[in-house]
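Each of the next two complexes has chain A plus one more chain, namely chain B in the first and chain C in the second.
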Partner chain A sequence: MTTLDIVMVIVRVSISAFVPLCFLAVCVTMERRVAGFVQDRSGPNRAGIYGFRAGGLVQNLADGIKLAFKEDIISEHVEHKFLYVLAPIISMAAAIISFALIPFADTLVLDGKAYVMQGIPWDTGILWFLAVTGFSVYGIILAGWSSTNKYSLLGALRSASQVISYEIPMGLAVISLLIVYGSINLSDIARFQGQNWLGFIPMWGIFLQPLAAVIFIVAAFAECNRTPFDLAEGESELVAGFHLEYSAMKFAVFFMGEYVAMFASSAVIVTLFFGGYNIPFFSTDFLIRNIKPVAFVMLVILPVFMFYFAKWIRRNNRSQYPRENDPREAEATVYIRCFWILIGVIEVFLLAILAFAQPDTAAAHLLVALMQICTFLLKVTLMLFVYVWVRWTIPRFRYDQLQILGWQKLLPLALLNIFVTGAIVVALG
Partner chain B sequence: MAAKVKQLPSRGGTPAEKVYLIEIFKGMGITLRHFLRNLWDNSNLYVRHYPEVQPNIPAHWRGRHRLLTHSDGTPKCVACFMCQTNCPANCIMIKAGERTDGITEKMPVSFTIDLAECIYCGYCVEACPEDAIRMDTGIYAFTSSNREEMKIEMDEMLSLKGGYTEEEYQKGLEDE
Partner chain C sequence: MYIDTLFSIFALTAVAGSLGLVLFRHPMRSALCLAVTMISLAGIYALLSAKLIFLLQLIVYAGAVTALIVFIIMFLNLREKDLPEENERFTYFIGGAVVLIPVAWFMIKVMKSIPEVKNSIVGNGFGSIKEVGQMLFTNWLVPFEIISLLLLVTLIGAVVLAGIRRESND
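Moving on to the complex of A and B:
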């Protein structure tokens, strides 16, 4: 192993382990602020450090500190203390490792060596995701059972039956996808979607398999226990469901696990249906060969984008009532300056690339990989937004409705989809 | 008067609605509109920035109690116990004593209202024959970290001023 190999291993593993954790802050803030805006209120925007509120991000810090310093109670009646403590760990760990096999950029070629940009470079791909998310329900079941509390147990039962019934349509939707893609390796799947149809329609899963996309996305919502399928914690009837007896950091781990699982399943949805890391219309080869024009376009677009972004910050980061020497305006100025500095640094790099880099060198490969990581994260963020958006739109299902939808609607549709897809693939040879 | 009945057409029966997904997309369209409007410019939000921007309290609004005084500063209350008898929350406690200044025969020695129990129904104000108690201070925020402090005594209630002029208050009573 050369030093480069070791560095690449560290980089890939840390991206796949820490990016989901960093996105926690994004998810939680987004959840709260979007909920606020959908309901025409503003959401948490008061917590701040010396007046810097960062649009609500500081609230997460406050909550994190609160949860970390709370008393950690294990009730007297909990009999299986070991399993009780194990449960949140399982659901968090399963959520994090389910992201490990998702490619966040195209295979990176450095010094003539190819590095698959996944946390773990195996080719089990989508099967890994299915297996690990199936495993994460053990966390919920153990939590519900070991809490020795009827509400927790009911929540866990609901969650278990829900995951089992939605895993089947999910698996079947994946089968019809595999017929199209011809591979279970997520890197291959993402590369396949980099092609264009008739030269202008990206060959994304959502266009090739719209029905499978709908089924998979619905089932993914159910797997994550998100509204409208969050019966496991229906607070109106089960108080809080499976995590009812958990307090302080153990609850926080459950909570984080839920969001990390949401991140991982968004990432899978993006990889399977929305082209993964691919920048629409531009294949990796094309970008690497034309690195100079690409760098030039970015050089121009970034400041323009920043200009409008700065305007948006100005408009929204001010006190909504008459106030002398508004401190929030000063706050906005600081933010805008920070962003401009960031943009300036990126511009310098781009200029360097424009001046020195030749197509098909390490620098070009790295730049393209970075752009693809950003694209991937952007797509995942949009998908996370969809999760949040659905949560604040649709009310919760009743339990029988949930099972009817799973078994009587999604399952036959998924089977039908397999037959149709198979027939078409056979007919087209 | 017969109850007004409004019959809403029952929804969800047509095939298009049974597909469910279409209706979900419509609903998501509505929430997205609200979201984008507020994201574009958050001065579109309907909320008031509360501690900085105070709400406008109308004169007939029932806030904290106060006891009224004669022009010489003595309480108007004659300790008739009407308010205490009427109070549905049983939170008024009056101790009556003799009045020596000749205006009336009785006056309260102590007059306590437990605001932690008060339900702000205003019956005490309506029951009072002397117009000695009113809830027109316009104070709506009253908090404390212990229960004892939620009991307010006669001196405190006597010293509070009305938040409105007499005409505004009378007009408020008519509006009610």
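Moving on to the complex of A and C:
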């Protein structure tokens, strides 16, 4: 192994392990801000460091510190303390490793060597995701059972049976997709979606398999125990569900695991149905061959984008009532300056590429990989927004409605989809 | 080299898990030990370059079957006091061990007679999903179809049994 190999292993593993954790902050902030927007209030806008509130991000820091320093209570009546502590660890670990096989950029070629841009460069793709999300059931069951509390037990029962029953339509929806893509490898699937159909429609899963997309997305919502399927923590009936007895950091680990699982499943949805890391209409080869025009376009677009972004910050970051020397305006000025400095640094790099880089060199490959990572994360963020949006829009299902939806609607639809897809693929040869 | 180390780790956890399965009194602990054994077996399959079987082991046995067992134990809230008394447990253990000695002796003898082979990852897509699938649908088509018929029969049987119980409950 050369030094480059080792560096690439470290880079890929840290991206696939730390990006979901960093996106926790994004998810939680987005959840709170969107909840505020939907309910016609401001959301978190008080917590700040010297007046810097970072659009609500500092609230997460405050919550994290609070949870870390709270007293960690294990009630007397908990008989199986080991299993009780093990449960949050299982749900967090399962959530993090389910992201390990998702490609976040096209295969990177450096020094004539190809590096598959996944945490674990393995070709078993979607099966790994199904296997690992299956383990998260253990976390739920153990938490609910070892708490020795009837609310926890009921929550765990609901949640576990929901996860187990929605795994089936999910797996069947995946099968019809695999018939279309002809591969189980998520990198191959993402590359397939980089092609264009009739020259102008990207061959994304959502266009090729709309029914499978709907089934998979609904099942993914249920797997994450998100509204409208969050009966496991129906507050009005079960207090909080399976994590009722957990306090302090153990609760925080459950909470984080839930959001990491949400991130991983949005990443899978994006990879299967929304073209993964592909920038629409531009294949990786095209970008690498035309690196100079691409760098030039980025050079022009970024300041324009930043100009409007600065205006947006200016418009939204001010006091609700007229104030003299509004501190929030000063805060906004600081943010805008920071962003302009960041844009400036990126512009310098782009200029260097424009001036020196040749097509098909390491610099070109790296730039394209970075652009694809940004595209991937942008798509995942949009999908996370859909999760949050649905949560604050749709009311909760009743439990029998949930099971009827899973077994009597989604399952036959998924089976039908497999037959229709198979017939069409065979007919078209 | 590291394959041998990994093999020892997986083998030891598999044996420890199955010992725990038998020795723990509490059903939940036994079931979780079963899960540990299943996962370590999956690791051993992965070392044998059987990727597909590794994943199926994780999905079906560790993910679904054992999870269902754990779920049922939670559902019925089984405790140690719900189980029958087993006063002669250790007598049975010792008796079973004595009976197994000749078998174990035979197995050790067989193991020793196998020539030593260097552990390595088999290449050429051996054990990958595509290879196994092509093998199944060309050389082993008839057995594959017969087994799928068997699965269909069990599926229908399960549905019929569940239907009968619902009628008698009404």
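The definition used in the following text is that the second predicted complex is superposed on the first by the 429 of 429 C-alpha atoms of A that agree within 3 Å, B and C clash if a C-alpha of one lies under 4 Å from a C-alpha of the other, contacts with A are read in each partner's own complex, and residues count from 1 in each chain.
The working rule: contacts are C-beta pairs under 8 Å (C-beta built on N, C-alpha and C of every residue); 3 or more make two chains touch, one makes a residue touch a chain.
Predicted model only: the values in this text are computed from it and were never measured.
Please determine, from the superposition on chain A, whether chain B and chain C clash or fit.
With chain A aligned, chain B clears chain C, so fit.
Tell me which partner A:390 touches in the superposition: chain B (first), chain C (second), both or neither.
After superposition on chain A, A:390 lies in contact with chain B alone.
A:160 in the overlay: touching chain B, chain C, both, or neither? Say first, second, both or neither.
After superposing on A, A:160 lies in contact with chain C but is clear of chain B.
Given the touch rule stated above, what does A:195 touch, chain B (first), chain C (second), both, or neither?
A:195 sits against neither chain B nor chain C.
Go through the superposed model and pick first if A:80 touches only chain B, second if only chain C, both, or neither.
So A:80 only meets chain C here.
What's your read, chain B or chain C touching more residues of chain A?
So, of the two partners, C touches more residues of chain A.
Mind working out whether A:134 is in touch with chain B, chain C, both or neither, as first, second, both or neither?
second
With both complexes superposed on chain A, which partner does A:123 reach: first (chain B), second (chain C), both or neither?
Touch partner of A:123: chain C, not chain B.
Minimum Cα separation, chain B versus chain C, post-superposition (Å)?
27
So which bits of chain A does chain B touch that chain C touches too?
On chain A, no residue contacts both chain B in one structure and chain C in the other.
Along chain A, where are the residues that touch chain B in the complex?
Touch residues, chain A against chain B: 34, 36-42, 214, 315-316, 319-321, 323, 389-390, 392-394.
For chain C, which residues are in contact with chain A within the complex?
26, 28-29, 32, 35, 51, 55, 58-59, 62-64, 67-68, 70-71, 73-75, 77, 128-129
Which chain A residues qualify as touching chain C in the complex?
80, 83, 123-124, 127-128, 130-132, 134-135, 137-138, 141-142, 144-145, 153, 156-157, 160-161, 164, 167, 184
Name, in rising order, each residue of chain B that touches chain A in their complex.
21, 24, 27-28, 30-32, 34-35, 38-39, 41-47, 49, 52-53
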